[in-house]
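After this come two complexes, each holding subunit A, first together with subunit B and then together with subunit C.
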Partner chain A sequence: MLQLLADLARWLTGPAQWQGSGGIAVRLLEHLEYSLLATLAGAVLALPLGLFIGHTRRFAFLAINLAGFGRALPTVGLVTLVFLAGGLSMWPVYVALIALAVPVIVTNTYAGMTAVDPDVTDAARGVGMTGPQVLFKVELPLALPLVMTGLRLAMIQVVSTATIAAYVSFGGLGRYIFDGLAQRDLVQVLGGAVLVAVVAVLLDLAMAGLQRSLFRNRPADAR
Partner chain B sequence: MSSIPAPRRRTVLSGLLAAAAVPAVTACSGGITSLKGGGSGGSGAADSGAGLVIGTANFTENQILGHLYAEALRGSGVKATVKPSLGSREVVVPALEGGDIDLLPEYQGNLLLHFDKKAKETEAGELQNALAAELPASLEALPYAAAEDKDVFAVTRETAEKHGLKSYADLRKTDGELVFGGPAEDKTRVVGLVGFRERYDVTFKEFKALDASGPLVKGALKKGDVDIANLFSTDADIRENDWVVLSDPLHMVPAQHVVPVVRSAVADAPVRKALARLGTALTTSELSKLNRMVDVDREDPDDVAAEWAAEHGLTEN
Partner chain C sequence: MQSGKGLRMISFEAVSKHYPNGTTAVDDLTLELPEGGLTVLVGSSGCGKTTTLRMINRMVDPSAGTVRVAGRDVRDSDAAELRRSIGYVIQQSGLFPHRTVLDNIATVPLLLGWGRRKARSRAAELLERVGLEAESGDRYPHQLSGGQQQRVGVARALAADPPVLLMDEPFGAVDPVVRTQLQDELLRLQRDLRKTVVFVTHDIDEAVRLGDRIAVFRTGGRLVQCAPPARLLTRPADDFVAGFLGAERGLKLLSLTTLGEAEVPHEPVTPVRTDEPVAEIRVGGNGGSYEGTQGNWRVAVTPDGAPVGWLDAGALPAGGTAGDAGLLPLRPLRDEDSLLAALDESVSSPARAVARVDGDGVLSGVTGQAALHERAAVHHTAAATAEPAEPGGEPGAGGGRSGQEVTGTGAVRTAEATS
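== the complex of A and B ==
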């Protein structure tokens, strides 16, 4: 056990391990690229949808259940399916990661919108605000903490699942996990897993910091 | 060659299933000691009312083989029962050594590696001799079957014709232009990139880590995303897609002919004869057909074995 930890420390700190096309630096950047792109694409798809169903309260039942269905999709199965349909490219990975991000963002955005006190939106309409004004000036600011939580959750899930890229021959930190398992190199597997965990925690902390600074002036909502 | 037996690396799915089956395997390994008690008396399995006890490992092809052995033996008037899916090689071989089972369908190269981790033999005849030397005194490897389940590297008919490929040695003509698809371990393995480089002086343009004879690498070969793929010789998709399996003149890949391993104490003349007749009739393409009937068409291993044995005249003496 101690030997393993020593080997792991050597693996993580060896300068040779960090350099080159298969080095940690490159894999780390690949991993961040996959994760951030997928989360961003997920947000672009999910935020408008969540805001729409939250604002209009229409299609909510359908959208929330579809999101629940999306959450149940097995990621490896989805990657394989898209791979077999479309061939070897990053598409299977992105489709699976985006499918992972969208449901979380939709449900959290919707939850944030429904948590807005109806008296407040009534009052906003009462003073003559238009629909879009109610949405962007009243509902969205009030729902923002939960919306942000959805984005954070999606990001963490995507970061930890982006290892799947290695399943279909691409890079990222999953490369160490898949190669290490295949080659029975436990240190490499552990190294990859530790790196993924560290990246996930650091990104979450960064998002938490962003969230806090955004809501600094609104103690009632800032959580 | 890794220590993972080639026939067990079917797909990621079966890998997951295997992982899920770990408790079951443990249960089996506990249960094997009690197989003996199940008979109607006597000290060894062979003496019990069950007749010769055939054990099989926990994957489709091995179960089919176990049932084929049983059919062939019964056809020669030898009583036999099958204990299917007892576990991995690490479970079934000790069960055979301990006398809990009498007969086991095995694969040459992987079986030899089980007893001698440093074995270097790759050619079928050499392997058979090495097995004779390495097996414990109580066990014997009978003549091997024509059928073989080993790692092969295949290209599409189109690629083969374009570059004039027949063997791994011909790959040198491609000047490292081909994209290689296989499981991640192929990168560091002798039965993989290392062997191609050292044995055949062949390099590839790129290595795509996918799976071994699984949906990914087969899909990629079909679509042309990889040019040469690591498949298993009994994979029925090879024939279906008219893929070309290249030959291995320098014996880079150890032979994995199906070989019956038996406790010497029960290996009398009728048993030897019956298994030898089966081994001659059972070719790689026949075995891959049987695999397909069970894995794809969802038939029962004992049914397909009985049908096949009857068709090939093994059930009458």
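== the complex of A and C ==
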């Protein structure tokens, strides 16, 4: 066990591991690229949907049920399906990652919108704000803490799941896991897993810090 | 405001509101609210008073009938634009928690496109106007007390200087002491601004205290009676209104009139100064008559002449000054205090009399219980037998309310009632 940890430490810190086209630095950037693009695309799709449902309170069942749907979705199966339908490209991976991100963001955005005090939206309409003004000047700013929580959750899930890019022969930190498994190189598998975990935790902490600084003026229960 | 006399600022013409589930919130309401008046809509919950209020700024659209503001059918206006021209205050204030107090107040001016600078300077002006310190402008709503939040709510509603102010149980969620302060503040603002105010409450005492006119609603959304408070109290239209007003209608009526208005007389007395040696106090009067008081009770005053308590001249200690003797509490009354306050004080006074003070708080005399009762009864009879004002609006509601103090609302009514 100690030997394994020592090997792992050597693997993670060896300068040779970090350089070159298959080095950790390149894989890390690839992984971040997949994850951020997928989260961003997920947000672009999910935010308007969540805001629309939250503002109009129509199709609320969609926002509520989407969460369960997202959890039940077999990611690897989806990758394989899109791969079989569309051939080898990054598309299957992005489709799977976006499908993972969208439900979390929609559900949290909707939850944020419904958590806005109805007295406040009533007052907003009562002082003469139009529908879009109520949405963008009042509801969205107030829902923002929960919206950001949704983005955080989506991002962590996407970062940990982006390893499947390697499953269909692309890069990212998943490369080490799949290659290590194929080569029965446990240290490499562990190294890849540790790196993915560290990236996920660091991103989450960064987003949490951003959230804290953005909402420091809110009452404690609404951050 | 001469332009306001008798002009109907808000009118309901055969207005009903039915909901798809079969409930009727407002049933065939016809009501006219005069410009510059403070009309209170009162009734138990579910009587349609809030719906009535919300139909004025189109937060609710009527199922039938027409609502007009300044003569114009509200349906002809864009809802958002209409609402910007009408102040709106709700219970729990409805302030925007993510904006500073100043930004909250500046909301409507900004929506109207005033520009940031002008809107903020106007907001600062209103902050002061509603009795808040300039520093609170940079705070966030959750950092203020409930009463302060309501003040901000009122300031936000007034920011663009709308002619109409709608208030939906604005003081319902604050404690009684703060509520009284906020009511005083509203009356003070209303004396200066003379908005057309529609105020919803379920608290009849609040209605009597604030309203120029009170509209009583009953369950099912029916308006039962709309009249000035004195008229409502002396001549309730039916048992429902009488029941709603409660058993102490006579006392509530007394709360509407001040000692000055009712011309309650007082007799001069020679008080005892608290620094006066006990030995020099003579039992049975000290040059002044104590008619109206019972026993040997004397008014003790500070060297400045401000009454501080009742002194029993029949049971003085052996030595020391009058201040050392046990004084019984006394609440000095000004001409601006209500008949009800005076009656209350006379009941709890050991001398069965009240001490009256002038504007500087210096003792001006005492009024005995009998004289007080006499004036109260005369006043009550006058109010009960007064002819009803012409329909459509109380002349007083549009005319100037000239009183210098809070209970001055009664001044105009009494003048009408007795003239």
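Here is the rule we go by: the second predicted complex is superposed on the first by the 214 of 223 C-alpha atoms of A that agree within 3 Å, B and C clash if a C-alpha of one lies under 4 Å from a C-alpha of the other, contacts with A are read in each partner's own complex, and residues count from 1 in each chain.
Following the convention adopted for this analysis, a contact is a pair of C-beta atoms (placed from the backbone, for glycine too) under 8 Å apart; a residue touches a chain by one contact, two chains touch by 3 or more.
Predicted model, so just to flag it, every value in this text is computed and none were measured.
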| item | value |
| --- | --- |
| Partner chain(s) touched by A:Val138 [first = subunit B, second = subunit C, both, neither] | second |
| Touching partner for A:Ala182 - first (subunit B), second (subunit C), both, neither | first |
| Subunit B versus subunit C as contact partner of A:Leu2, first or second or both or neither | neither |
| Contacts of A:Leu88 with subunit B and subunit C, given as first, second, both or neither | first |
| Touched partner set for A:Thr80, first subunit B, second subunit C, both or neither | first |
| Partner chain(s) touched by A:Ala72 [first = subunit B, second = subunit C, both, neither] | neither |
| Residue ranges of subunit C in contact with subunit A within the complex | 57, 59, 80-85, 88, 90-98, 107-108, 111, 140, 142, 156-157 |
| Partner subunit C, residues of subunit A touching it in the complex | 117, 119-120, 122-130, 133, 138, 141-142, 217-219, 222 |
| Sites on subunit B touched by subunit A in the complex | 2-3, 12, 181, 183-185, 187-188, 208-210, 215-216, 219-220, 223, 225-226 |
| Contact set on subunit A toward subunit B in their complex | 76, 80, 83-84, 87-88, 166-169, 175, 178-179, 181-184 |
